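Each of the next two complexes has subunit A plus one other chain: subunit B in the first, subunit C in the second.
The block that comes next holds the complex of A and B.
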């Protein structure tokens, strides 16, 4: 029996031509702001900042990269992935293994991205042919299975002892690379938002049946989006492994690691370029400020934010702000 | 031969427990269409309730099962009224995200209040019987008896009471049930309460055999989901049969290889299920 309890969806009114024109202008301004942010972030290591500021900046870039990776798949298609923590973790393991075998950072990042890509196809092939919940389910099980497998594959992964990077990479270099990954993902989101391809992806989120009816190859699109998303997650994971320098299975494939990109993007605004980046910055800074809360309450807070977001702000804070703004404009 | 029979006995005891874990999930999905991650925290809570009761008062763990079930019922009812009731008409993914958020919130709070320590107590069910070559531990037999009792009671409630009939009606067709004058909010709340009660009771039983940690529920929840998908969402008989099958599979694999490999195999089973039985996640079967 099919689901029958769905409420009739409210059709959004199409924006007027004038509204569309002004939105286009705002998009132009958005691109400039985005590029400026990226330039500032990439040149940051040359400013001679202290290592604490650099590490906060790095953390923000890491969150932004993972959140945008999640955004590329789940934000656009509405297929919720609970496995991005595992994809990042796979990237970390592949990255350290590659570098310890005597290769450079670029090879390590490529290995991380490649491993995550393969993993995304393994999860995606069975589950993306199905609708909705099946995919979310598959990702949850993938993460649990991967944690067990990594712990069991001791000779390769070091088992419960984990792995350590043999060489240290300077903080400045890691920051630059992470910002480049986050910036690349953000630009991709930005570009997709303004392209026909992005519209096709969004059409999957809005109404997959209708999308298929008008000839959109949804399965291939979903698989591709997930693959691209995994490439960014894996690359970020490889870099992050060198930031941590030692990785342990139970610290790598965590619930929190998969929850963070999801919450940051949903709150920031799914399928928006700027939302996840802003949220990453807020989250990274507040994490420093709320350090005395401890990891348990931190996790509880993440859960609470997700609950509140689903209940009251389905389109994230950017959506909420847009709603408030529209109401304020339309006030009598 | 003896080993296989022995494994079968142990597997049935574990399987009956898994069936209780999965039935709470299947009930909530069947009636409300919600994939309930909060079930994990209900399991964990049941474990802690029993642990503290037994350690502080020296009461029997069986009393803990009853107390945990009562607490689970109340919490489930409350959460449905305060939180889940607000998203009844939203797509299923919203329900999943919401219960996931609640689950993480609960996990954080439980870890904060009860710390990550491993807790276990002496259940006091030592000894056992010999039946030819097979050993029947008292503990396993008590677990089996309590689980059968819980499943039979829930099954009878669904089968023979008006409330149970209303639940089955809602599971079959929400709108039609509402048109017949069934109070959907009431039935949803009762189902979620019943799911919570079963979950907490299952957690209490788990704590007699396994150590109680904040992660207790999450470890068993995934196995519960495999059973629900395998058995057909919301079907009591299917859930019980698949619970027993998975229990036997886990014990057998655990004996021949080890527990992690057994767990891994069961997780991989879900991927296979998704491929060959895609309806398992979406079809709603009446709760009989």
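The block that comes next holds the complex of A and C.
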């Protein structure tokens, strides 16, 4: 065994009671800011804004909801899902089918969430018992298989023709519901990051073997996280179907739909509440702002931000901001 | 005979034709607080730890004992550390400990974590990310994390290796304090001074089998141990 001659590092002074209290206050302030943002977003339809602005706000809320859904599973456990686009798509199909059968929006959302939950168990039960890459492969396979199944199940899914919603739902209502879903997922991420349950999920990401040796039931936790994540993705999908009003399989089960939440969360900051919301806003706004220059230009911008984040912000933009803030506080 | 904390019976572990453990039998009881496990590199010490802690399934044999009681499918009364510390790097030191507190209520967990941080002199770095600490401090974090659930038996894999001698002495002190509170330890260690001072009962493994068991003096005098391990270490 190599002897490392290493003296114990110089210990910094312990954080004072005042410092700890101030940290608690900052956490409390974070929750208040988050709640205020959700209230502001959820009341937007009452401000008399034009439909274009509401539509941009809706798009941001949708990206935020799906990114946070991904965050709840992959951001915390480190198990990368490529199936969230498919889970959203499944929620969309279940939502439209439920409403076209004569049910209301709430029933449609419940159906979307429930269907995605069942799908998460089908993907997760075999693959999350294994470690490492098996889950990622299972999600890729699921996405491809689901596209094929939906295309072949014409009598139910409309096949390649897709499905159309029989009733239109006002934009204001869709925005309110999507903000509620995104806000709920964001608050859950916020609470989870500050709870011992969240620490157990994060310990899977950090070192699953070590996590098992301290009494963490990793398989059960991973399955639960994926199930909750799928519920949010499916619910968001059900609402999104009514925003689109017509859904087609090749537009619904796309790789881009699964990569967006992944990239938005990783750039924004995995397992953080604000990171994915921030990136959803940047992505949604840039998508509109760059529309005139080129329809897919926002994807190039996202790619550029991703490269910069990989080079300079290993823990995402939120991690970078936290580091800068910490150095600022520690300056002499 | 005292209650066996750990009873390993005829355990073999085989990987693709390589027999890492070969009918290992050993019993850890509460008669001694410090048990040692020595042997040359590749003798199967860490494999035995992995089998005891459920990371490897034995090819044959049984591993039982009061320290292997399960709670919701996980080992509740067994703690372990790793040869190279496996801390949760992007969690703070305090969070590393709290991650291991599933069975306690929040207040009890915080109190236990604070107590262990103080005992292990980690209070000053409680809010630092574990990846920012020295290897010695990371070993203490890992030890604290393993102790959070108040285990009956802790498997320590080279806890003193590669760290400053002063910290090594401190670790020995911490371990004695913890032993006074009723914790038992099975320790893999190549630092014979550290091990022989601490342990009152020692096993020697070679080629995947237990070749000797005894007190430190008996182990030092055992010609098989000298031939397989002690006599070769500085040769």
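The criterion applied here is as follows: the second predicted complex is superposed on the first by the 278 of 332 C-alpha atoms of A that agree within 3 Å, B and C clash if a C-alpha of one lies under 4 Å from a C-alpha of the other, contacts with A are read in each partner's own complex, and residues count from 1 in each chain.
Criterion: a residue touches a chain if its C-beta (ideal position, glycine included) is under 8 Å from a C-beta of that chain, and two chains touch if they have at least 3 such contacts.
Predicted, not measured: the structure shown is a model, and the values here were computed from it.
Chemist: Counting only touches as set out at the top, which of subunit B and subunit C does A:136 meet: first, second, both, neither?
Modeler: In the superposition, A:136 touches subunit B alone.
Chemist: Tell me which touches more residues of subunit A here: subunit C or subunit B.
Modeler: Partner touching more subunit A residues in the overlay: B.
Chemist: One more residue to check, A:202. First (subunit B), second (subunit C), both or neither?
Modeler: So A:202 only meets subunit C here.
Chemist: On the A-aligned overlay, A:216 touches which partner chain: subunit B = first, subunit C = second, or both, or neither?
Modeler: A:216: touches subunit C, not subunit B.
Chemist: Determine, under the contact definition given at the top, whether A:330 touches first (subunit B), second (subunit C), both, or neither.
Modeler: neither
Chemist: Where on subunit A do the contacts from subunit B and from subunit C line up?
Modeler: Touching subunit B and subunit C on subunit A: residues 1-7.
Chemist: Residues of subunit B touching subunit A in their complex?
Modeler: That would be residues 33, 35, 83, 86-94, 96-98, 100-109, 111-112, 172-175, 218, 222, 225, 229, 260-261, 263-264, 267-268, 270-271, 274-275, 278, 281-284 of subunit B.
Chemist: Of all residues in subunit A, which touch subunit B in the complex?
Modeler: For subunit A paired with subunit B, touching residues are 1-7, 78, 80, 82, 126-127, 129-134, 136-138, 140-141, 144-145, 148-149, 151-152, 255, 259, 266, 294, 296-307, 309-311, 314.
Chemist: Please give the residue numbers of subunit A that touch subunit C in the complex, ascending.
Modeler: Interface residues on subunit A, with respect to subunit C: 1-9, 11-15, 23, 196, 199-200, 202-203, 206-207, 209-217, 220, 315.
Chemist: In the complex formed with subunit A, which residues of subunit C make contact?
Modeler: Where subunit C meets subunit A, its residues are 53-55, 71-76, 79-80, 82, 86-91, 95, 98-103, 106, 109, 121, 123-128, 133-137, 142, 145-146, 148-149, 158, 161-164, 166-167, 190.
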